[in-house]
Every structure is written in structure tokens, then in C-alpha cells.
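In the two assemblies presented below, subunit A is common to both, partnered first by subunit B and then by subunit C.
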Partner chain A sequence: MGDNGKPTVGIFGFTGCAGCQLNILNIEDHLLELLELIDITTWRMVKSENSKGPWDIAFVEGSIAKQEEVERIKTIRENSRILVAIGTCATHGGLPAMRNFQDIDEMKRIVYGEKNDHLDVIPIKRVADYVHVDHELPGCPMDKDEFIRTVKALAVGKTPNIPNYAVCYECKIRENACLLKENKFCMGPVTSAGCGAICPTYGATCEGCRGPVAQVNWGAEYKILKEMGATDDDIKRKFLKYCPVVADAPEFKELNF
Partner chain B sequence: MKRSNLLKLVQAAMDEYDVYGPVQRRTTWVFDKIDDPNRIDMDYDNTMMSLKKFFIPSKEVMMRFNLREMSIDDSLPDVKAERPQLLVGVHACDIHALLFLDKVFGGKYVDPYYVARRENTTIIGLNCIDPCKYGFCKSVNTHMVNEGYDLYLTPIAGDKYYVHVGSPKGDRLLTIADKLLGEATDEGHKAFKTSMKHKHKSLPVGLHLDNINETFDMAWDDPIWVRLGEECMNCGSCALVCPTCYCYDVADELDLSLSGADRTRKWSTCLYHDFALVAGPHNFRGDPSARLKHRFYHKIRGALHDHGIIACTGCGRCIEHCPAGISVKDVAYELQKRWVGAPVVKGG
Partner chain C sequence: MATEKIEIRHITRVEGHGSLYVTTKDGKLEDVKMSVDEGARLFEAFLVGREYTEVPEIACRICAICSASHRLVSTRAVEKAMGIEVDQQDTNLRKLLVWGEYIESHILHALYLALPDYIGHESVISAAAEYPDVVKIALELKKLGNDMQILTGGREVHQVTPMVGGFSAYPTHQDLEHMKERIKESRPKLQTAIDVWATLEEIPFERKTDYLCIRREDEYALVDGDIATLGGLRAPVEDYKSYIKEYVPDYSFAKAGTMNGCGFFVGALARLNINNDHLLPFAKKTLKQLGIKLPSYNTFHNNAAQLIECAQVFEMTEQTIDGLLSSDLEWHEPKVVPRGGRGTHIAEAPRGSLLHSYEFDKNGLLKKADIIAPTTMNYVNMEEDVRAFFPLIGSKPPDEIKLYLNRLIRAYDPCISCSCHVTETSGRT
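What follows is the complex of A and B.
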């Protein structure tokens, strides 16, 4: 707790687009009310003077992509009572981790030329692969309302309630015609809700940005997409796009691409 | 009554009621708020979501409370003060679904929010004289209604409806519709009989449930549950579109002052991992296939035990909207065949 009796909070960015941090800043209607509940002592995106900790709550955005970041996340963890990973990069690897499936030396050469020895590049992983994470707010970007609900829950010592059921829940409630029935490769049944099914509501397929549901049944989704004419490559791309960490799951390996 | 006069009736009723009717949306239909009666599609196949949304909304605040002020603000008076709703074009299966929900929410434990909305609603039913794509109402005896409607329309020759009046609320509607419909003529009675004969010929019977109770008693260890468990993604679509699935979750949503909250209930389904998760943590149905099996058992065996009827109205929504193509009809048929012999299928 800070001098004012409010929990101290640090907000940190790792490898990603910084959109989740920006989304916190976008909570314009309630930002001042939020500041009544918490004391943000560290947030480099917003503040020029930042504390070096410790913090009651650390919100961490981005994936871990460099050795230097491994050390940094460990330091933050050691200095935080509660650590919350925000956004899909932090919770599941996210879009940056596409590079895990490419030839990294060739990519370095293409982008930075022959002199690239100075680059500190390791396979991308999520925050939970390196340190203990107390709560995860997935989504690309992280949902503003979910962030507010989480702050409120943590402020009163409750466990934040993050949906682990399918996007189909929110999609059906909005009475959207099912995109799978229109032969579109939708990830709704295997993807966690919380987004309000925003993509299917506007006719775009779910891309799986909030990560797999609890006890995900990829085998069944694989079969459905396959019957609709998707190739193994299409399906792999869908499953791994936002959640490269899925590639290491035994259930995923069983799919035999 | 002339079909075109129904639109006039709806137009006139809009002064008094919030009117909802079937409207096409992409590949399906929804019961939508009607501002222009011409949007109503009385030839609709089936809507994605059933009528339960009008009585148990997918999310509703039941009360607000504030600990600083020690105040409670129940939302029931607001629910009671809502404008009356008129539901137009309700199929027989959906009327049966409401009669089932009446047993659940208006029986031993009365849910005042449900009852208030139910009392505040008038229903114009629509007799299906042709089958819909996925329904199997005649297999579960929900293709005709004895009660649960205020007006009931049977399409007859000459672009007309033969109208049954089912309640004082229906009578009330007729006063609005004063000059829009007349007493049935001999020709009308004859046309009604023709329509009904056509109906009983055209609705298929693909399944008989005579032994379903004992079938389910025996089928607990049936290998079908393992197979279905592999196909099912526990997405919950079946339960969400089901007109009789009524489970909900209650949670307090804190406001930013941390001193007050909205006590909110929202739909939930037994297909979800956290549904039977309790402290410990212990999950009574931790295995995904156990959750799918539980839903089938509750719909059929459990509802029979609790209410004397199965909680399946044969509307076919769960079949139509299951991404994995699982069919309650095929499951019931397969189990009956395996455990009590092939059901006798009477001619349509």
C-alpha cells in the first residue's frame, strides 16, 4: 500500500504493439475514478517520474522476446505482490510469436542485414513461461471493461472473473447467424469469450485472440474446419495465429498436422 | 382474418404494446422489435433464439444495493412497470416451451421477475401446417396446443387465418382489431379442416419416445457419451438456443466506489467448465463429456422426474445451431434402438 492507503500499481510493456497499455489510457470516462482506487507509481508510457517498486499489483503487457526481458520480468515479479498479464501477447504469446515458426537467422538478415550479431533474440514465450502469473486478461487488445472489473476485484481482494467459456455464448446471445454454418472458418467454439463476440457480430470470423477455452477440444474444431474444406495449413494458421504457445500443448501435437 | 389484416392489427397494437415478431437475419430469423409491421415474416422457418429471452433476459440486474447508504433497490417494480409485450407468430413448440418454463419459474419456487413478464405478455400463436427444416414436434407431441396462447392463427386458403381465441387477453386484442376480422364462415370452417388435414399429413414423425425414460435409465454407461464427448466442444450453443434451458448465474458487479453493486443474473449452461465448479476446487462434472451427458439427462430423464414431461419441444434449434452437428433426435433414436428395440415409427 502507498502512503495514501491505496494499492500501488506498476504498468509495464514488453514485446508487443503497446495497444493494451494505450487501452488503459483510453478508459477516459472512468480513469479518474480508477485513480481513486489505485496509485499508479510506475507507468513509463504516461509518467516521467517512475518508482522502482515494490508494487502491490503489476500489470504486464507484451510477450517475452529477448533475454534482457527475461531478467526484467523476473525483477518485476520479485517486487510485486500480484502480477496480472494483460493482452494476448502476455497471456499466449500473441502475434509477435509468428516469428517462432520462421527461420530466425534469415529473418534477422532480411530486416537488419548481415551485421546482426548484436540482436538479442530468443523464441517468444508468454509471461507465465518465466514467472508465476496470478491473473490473465487475454484479448487483442485487452478489454477495457475487463481491466476495470479486475482492478475492482483486486481492490476488494476477490478473484477477477475472466470468462473461460466459448465466444459462441456471446455470439448466440447477440443472435448472430453462425459463421461456421456459412462455411467460414470461425474459431468461436474453441475460443474464450469476453470480447462480446465483436468480430462475428460484424460478419468476420473469430480469430481466436482470447486463447483457448477451458479444456479445449481442438480435435472437434479441426474436424469441422477440415470438412468445410480448410487445409492443414489453414487450420494451423488459425490455431497458432494469436496463441503460438498452443503448439507445445500435447492435445495440439495429437492433431498430427 | 385476412393475412394483410394481421399487419393492421400489429400496427394498431403498437400504441399499447411493444411488439415482437420473426424477422430474417442472414441465414436465420430472430424475434425482433417491430416498428414496421411489414418486417414480420410469418413464413419463417424457425428463429435462432427462442422466446425465453423475453422472460428471462440473457442478462438482468435483479437489484442494486449500497453498503454505505445501506440501501436496496429491487428492480421488480421496474419489471412490473414495463410496457406490455405482444409476441406475434409464435410456433406451437415455443408455446409448449413457455408452459414448461411456467412449471420451473412459477411452480414450487416462484420467480417474480419471470412471472411479472409472463403476465405482461400477450401471445399470437401460429399453427405450423408445413414442417420446418430441423424440428420434430410431432415426435414429441408439441405440434398442437391446448393452452398457452391468446390468439392462435391457422393459415387457410385465400390468404387468410382461421383464428382461435384462447384467453381474455386474446379477447382484448380483438377489441383493437374490431373490424379486422369477422366471424368464421362455413367456407372458413371448411378451409380450416383442409389446412389441418394437410398439417397432419405433412409433419413427419421420425422418432417415438414411448420408452425414453427407461432407455435413459439403462444408457448411463452407453459408449455414445464417449463418442459425443469427442465431437462436442462444450460451446454451449445448444443450451443457449434451447427454449427450455433456464440455468443462470448470479454475480454482484461492484461499482467503482466499491460501496455498491448490481446483483446481476445472466444465462449460463451446464456445458461450461465452471458450471459445477465449487470450492476446493472440486468440479462435479470435470470431464467435458460428463457435461454433455448431464445436459441430455436433465432435459429428458430429469425433467420427466421433476415435471412429468421431457424438456424437449422438438423445435430443432440445438440441431440446427450445433457447430459439431450433434442431434438430440438422433441420440434419442439411437439409444432407444439399442436399449429397448427399434421404436415403432407411426406413419406421418
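What follows is the complex of A and C.
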């Protein structure tokens, strides 16, 4: 706790687009109220005077994409009571982890040309691959209402409630027409909810940004997409887009692409 | 006296991780190195092989603060490659999306991130206690920008509805009327923020450099136009490689943009310098009130220029909504027949010109991508500015020097995630 009796909070960005940190700033209506509950002592994106810890709660955005970040996340973990990974880059590696499937040296050459020897590039991993993570708020970007609920819960010592059912559940509640029935490649059945099924609600397919739902049935989704005319390549591309790290999951390997 | 090093690790109140290293000898500046400490994500490489429909959705994840601009520029580059024309209605809705981003991003930078320096605070959070009214207005204006993005794009960060060939959903007439009302009601709030800015003392610093943005003869260009510079260049976007050179400086692996071998400036100040003949009355009045003479060569004016552009965007939004209200807003399914080809588009993200250039195979799979982000373009100019600015502040105490250098880099509103292929320098000090 800080001197003012409020839990101290550090917000940290690793490799990513800064969208989850931005979504904290986007809590325009409740930002000042949240600041009544917590004392943000470190947030480089917003503050110039930043504490070196310790923190009661650390929110970590982004994936671990260079060796220097491995050391940094360990230091933050050692100095934090609770560590929350925010956004799909932190929870699942995110879109950029697609680069893990390709030849890193070739990719460096494509982007930087021949002079690239000193680039600190390691395979992109999620935060939990290096340190213990207490809670995960997936999503690209992280859902700001879910963040508010999490802060409120943690501030009073409760465990945040993060959904582990499929997007379809929330989609039905919103009374959306099923996009799979319209022959659109929707990932709703295999994706974790918590977003309010925002994409299908706007007529766009779920792209799986929150990662696989608990007890995911990829086999059934694979079959539906095949019947629609998708190729193995189409399906694989889709399944691995936001969470390429699932390629290592046993359920995924069973698909035998 | 010996060699001294001033290290700013990291520059605060900017998006992303960057550092500045300045070396002096006998009090005189010897070397300046801007470094970008973001991990390399290599977007241009892993976009290869992706389908044309998902390229804009992936590319907008380069940067959250400019996600609407990345989405628009990427979508237009794909559409140009596929030979798709976009109708007036969709063009107007895309404009509203980007202008929402302008309001949100400019307010975030000018009032949340830059303003605290001018009023002696370390952050907007600490400023909130002393200036609750100003901070409340900043929150409300930022929300307005976000709500415009939600109205047209479904979400404020990484939009949902924009598609190659159109949108997955449209706003209703009623939604648009409501937004027009909110813009009208918010004018006095923006005016209050401008009035506050008019009382601030600006740092007097001038350095002649060239400025680049897009330009049109019929309006203040933000989403489509030719490449233009203050120096008088006019060129179609397809010719960008003849003018904008990217190189890897020999002291780092950061890519940096140059024109004629020198740095150049992109951003709100560049647009005001080049396109001020298209300013509408509210922005003209604001320009006058803030006492900025154009062309301005003071990088710090970029902060005020963002507020002037907010005034401009307010008025442009009202006009564009009027145009949309007179159309039927009948939704059409985005239909595209994929084909091979090349497409290049440049537009103005809030923090400067942004370019995406693609090549697709006949099945619509991406073969090659080239993306040049605003901070890449500003990179060399930032270092040149530090060199010119340092003699003015070099005799101050070290903490003050660091503060001033922070302010100078911050004035660019740098977006370090955006410079997706600018990377890594740790250990090169």
C-alpha cells in the first residue's frame, strides 16, 4: 500500500502497439474514480516521475520479444504482489508471434536489409512463459470494462471474474444472427468470450483475438469451415492468427493439418 | 573539461519506448543518438502470405493510437491493388473515422502528455488536482473523438467495421445527427482548452527544415492527396521512393527517413505550414488567437498546431455529417474480386504522413509490403533538432537539460510502436 492507503500500481508496456495502455486512458468516464481506488506510481507512457517499485499490482502489456525484456519482466515480477497480463500479446503472444513460424534471419533481412547482425530478436513469447502471472485479460485490444472490473476486484482483495465460455454465448445474448450460418468464417465457437461479441454484433466475423476457450473443440470448427469450402491453409491461418502459440497445444496438434 | 554523456532512458509521456543519448565535450555537443527500444515485430515480413481481406486488420495493429489511420491507408492500398473504386458515402464515413482519431489523438498528446510541461506538472494525473476543470474538458474531448471512432468503426482502438470495399455495418441517420449535435455542443469546451493554451509561454526555438504532408487543391487533405513539401515538391504517391529515402544509420539499426539527404518534418505543423489556405473559420480564428505565424519553423508549435487542427476537424466533421445525412445510408456488402497487382496509399495520421505499399499475387495473397510510419520520417529531423537546440540549453543544470530535451522529442508526438521497422539500439551508447 502507498502512504495514502491505496494499493500501488505499475503499468508497463513491453513489445506491442500500446493499445491496451491506451484503453486504460480511454476509460474517460471512470478514470478519475479509478484513481480514487489505486495509486499509479509507475506509468512511463503517462508520467515523468516513476517509482522503481515495489507495487501491489503490476499490469503488463505486450509480448516478450527481446532478451532485455526477459530481464525486465523478471524484475517487475520480483517487485509485484499481483501481476496481471493485459491484452493478447501479453497473454498469448499476439499477432506478431506469427513471426515465430518463419526464418528470423530471413525476416530481419526483409525488413532491415543486410545490416542486421546486432538486432536483439528472440522468438515472441507470452509473459507467462517467463514469470508467474496471477490473472490474464486477453483481447486485442483488452476490453476496458473488463479492466475496470478487474481493478475494482483487486483493489478490495477479490479475484476478478474472467469468462471461460465461448463468444457464441455472448453473441446469442445479443440476439445476433449466426455468421457461420451465413457461410462466414467465424471463430466464435472456439474463442473465449468477454468482448460482448463485439465483432459479430457489427456484422464482422470473430477472428479469435481473445484466444481459445476452455475445452476448445477445434475439430468441430475445422469440420464446419471445411464444409464451407475453406482449405487447410485458410483454416490454419485463421486459427493461428492472434494466438500463434497455440500451435504447440496438444489439441491443435491433433488436427493434423 | 572532459567528455560528458547525457542519457535519457526513457523518454516519458510518449507512446512506446525510446531513449536519447547526447555526448558533449568541453560543454559543446559532440554526438546525438535517438534510440528506439521497442522489440522488433517485423510486420512487413509476417504480412507476406496473408489474404488481402485481413491485411488491413493485421496492419492496423502496428499502432493503437494511429490504428484508424493504419486501417484506412492499408485498406486504400489494398483497394488500389484490386482496382476498387470507393463511393462517396464510404469515403465520408472513413473520413469521420479518421477525424475521430484526430480529435482523440491530438487531445491525448496536446492536453494529457504535452500540457503538463507547460504548467509545471509531471503528468496529467498530478495536474488533475490543481486544474480539475481543464483535465475534465480534456477527458470529455478525448471521449468525443473516441465516440466518433466507435460510431463509424465499432470500437475506439482496432476498429471492427472497416473492410476492403466498404464497411460491415453503417451508423444510422439518427446516430449521425446525434454526433453532429455533440460536436456543436463541444465547441465551447475546445475553445476553453484553446484559451488555456493561449496563456502558455512557448519555447522560442527555430530551425529551418523541410516539411512534408499530403495536399489537395479542394480541401484540407488528411485522407487522400499528393505528396507535397513546403519546399514546393508535388508528386503522386506512387513516386514516393524517388523522394523519401529510408536508410539504416551506421551507428544503429534504426531505419530513418530522409529527403535530399536531410531530415524533414511530418505532423500537424507540416500540414498547417503547407495547407493553411484550406483552413476553415474556427481553425483560422484559433491560429490567430494562438499567435502563430506560418510558416513556423518552431517544432514546439506542433503542440498548438494539434489544437488548431482539432478546430479544423470539428468544422470538417459537421460539413461531412451534413453530406451523409442527405444520402440514403443504404448499406452495401463489401464485394471484392481478388486479383494481383500493386497499390500504394499515403494519408495523414495525426502525427504525420503514413504510407503503405503492397504487392499481391493473383489469388490476393500479399507478396510484398512496405510501410513508412510518421516517426520513421521524423527520426533524422529529431536528431537534427536536438543538435540545433542544445546550444540554447547546454548551460542549464543537467535535470533541466533533460527536461527540455524530453519536451523537444515529445513535441513530435512520436509514436514508437508505429516505427515498426525502427528498432533496437541498446548497447550502442
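In this text, the second predicted complex is superposed on the first by the 257 of 257 C-alpha atoms of A that agree within 3 Å, B and C clash if a C-alpha of one lies under 4 Å from a C-alpha of the other, contacts with A are read in each partner's own complex, and residues count from 1 in each chain.
Rule of thumb we're sticking to: a contact is a pair of C-beta atoms (placed from the backbone, for glycine too) under 8 Å apart; a residue touches a chain by one contact, two chains touch by 3 or more.
Note that this is a predicted model, so its numbers are computed, not measured.
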* To do: Determine, for the superposed arrangement built on subunit A, whether subunit B and subunit C clash or fit.
  => fit
* Which holds for A:102: it touches subunit B only (first), subunit C only (second), both, or neither? -> second
* **subunit C versus subunit B, contacts on subunit A by residue** => C
* Between subunit B (first) and subunit C (second), which, if any, makes contact with A:164: first, second, both or neither? -> first
* To do: Using the superposed model, determine the angle subunit B, subunit A, subunit C defined by their C-alpha centres, to the nearest 10 degrees.
  => 110
* Answer with first, second, both or neither: which of subunit B and subunit C does A:141 touch in the superposed model? => second
* Asked: Counting only touches as set out at the top, which of subunit B and subunit C does A:183 meet: first, second, both, neither?
  -> neither
* Asked: Given the touch rule stated above, what does A:215 touch, subunit B (first), subunit C (second), both, or neither?
  -> first
* If you stack the two complexes on chain A, which partner ends up touching A:13: first (subunit B), second (subunit C), both, or neither? -> second
* Taking the superposed arrangement, what is the smallest distance in Å from a C-alpha atom of subunit B to one of subunit C? -> 12
* Show which residues of subunit A both subunit B and subunit C reach, each in its own complex. => none
* To do: Under the touch definition given earlier, write down the residues of subunit B that touch subunit A in their complex.
  => 25-28, 30, 48-49, 58-59, 230-237, 240-241, 251, 253-254, 256-258, 267, 269, 272-274, 288, 321, 323-324
* To do: Flag every residue of subunit A that touches subunit B in the complex, lowest number first.
  => 30, 33-34, 36-37, 148-149, 152-153, 155-156, 161, 164-166, 168-169, 172-173, 175-178, 180-182, 188-190, 213-217, 219-221, 223-224
* Asked: So in the complex, which bits of subunit A are touching subunit C?
  -> 13-20, 22-23, 25-26, 28-29, 31-32, 35, 40, 43-50, 62-66, 68-69, 94-96, 98-99, 102, 106-108, 110-113, 115-116, 118-121, 124, 140-141, 198-199, 202-204, 207, 234, 237, 241
* Structure fact -> Per the touch rule above, subunit C residues touching subunit A in the complex are 10, 12-17, 37-46, 48, 50-51, 54, 57-58, 61-65, 67, 108, 112-113, 116, 122-126, 128, 135, 139-140, 142-143, 146, 154-158, 160-161, 163, 168-169, 248, 253, 255, 406, 417, 421, 423-424, 426-428
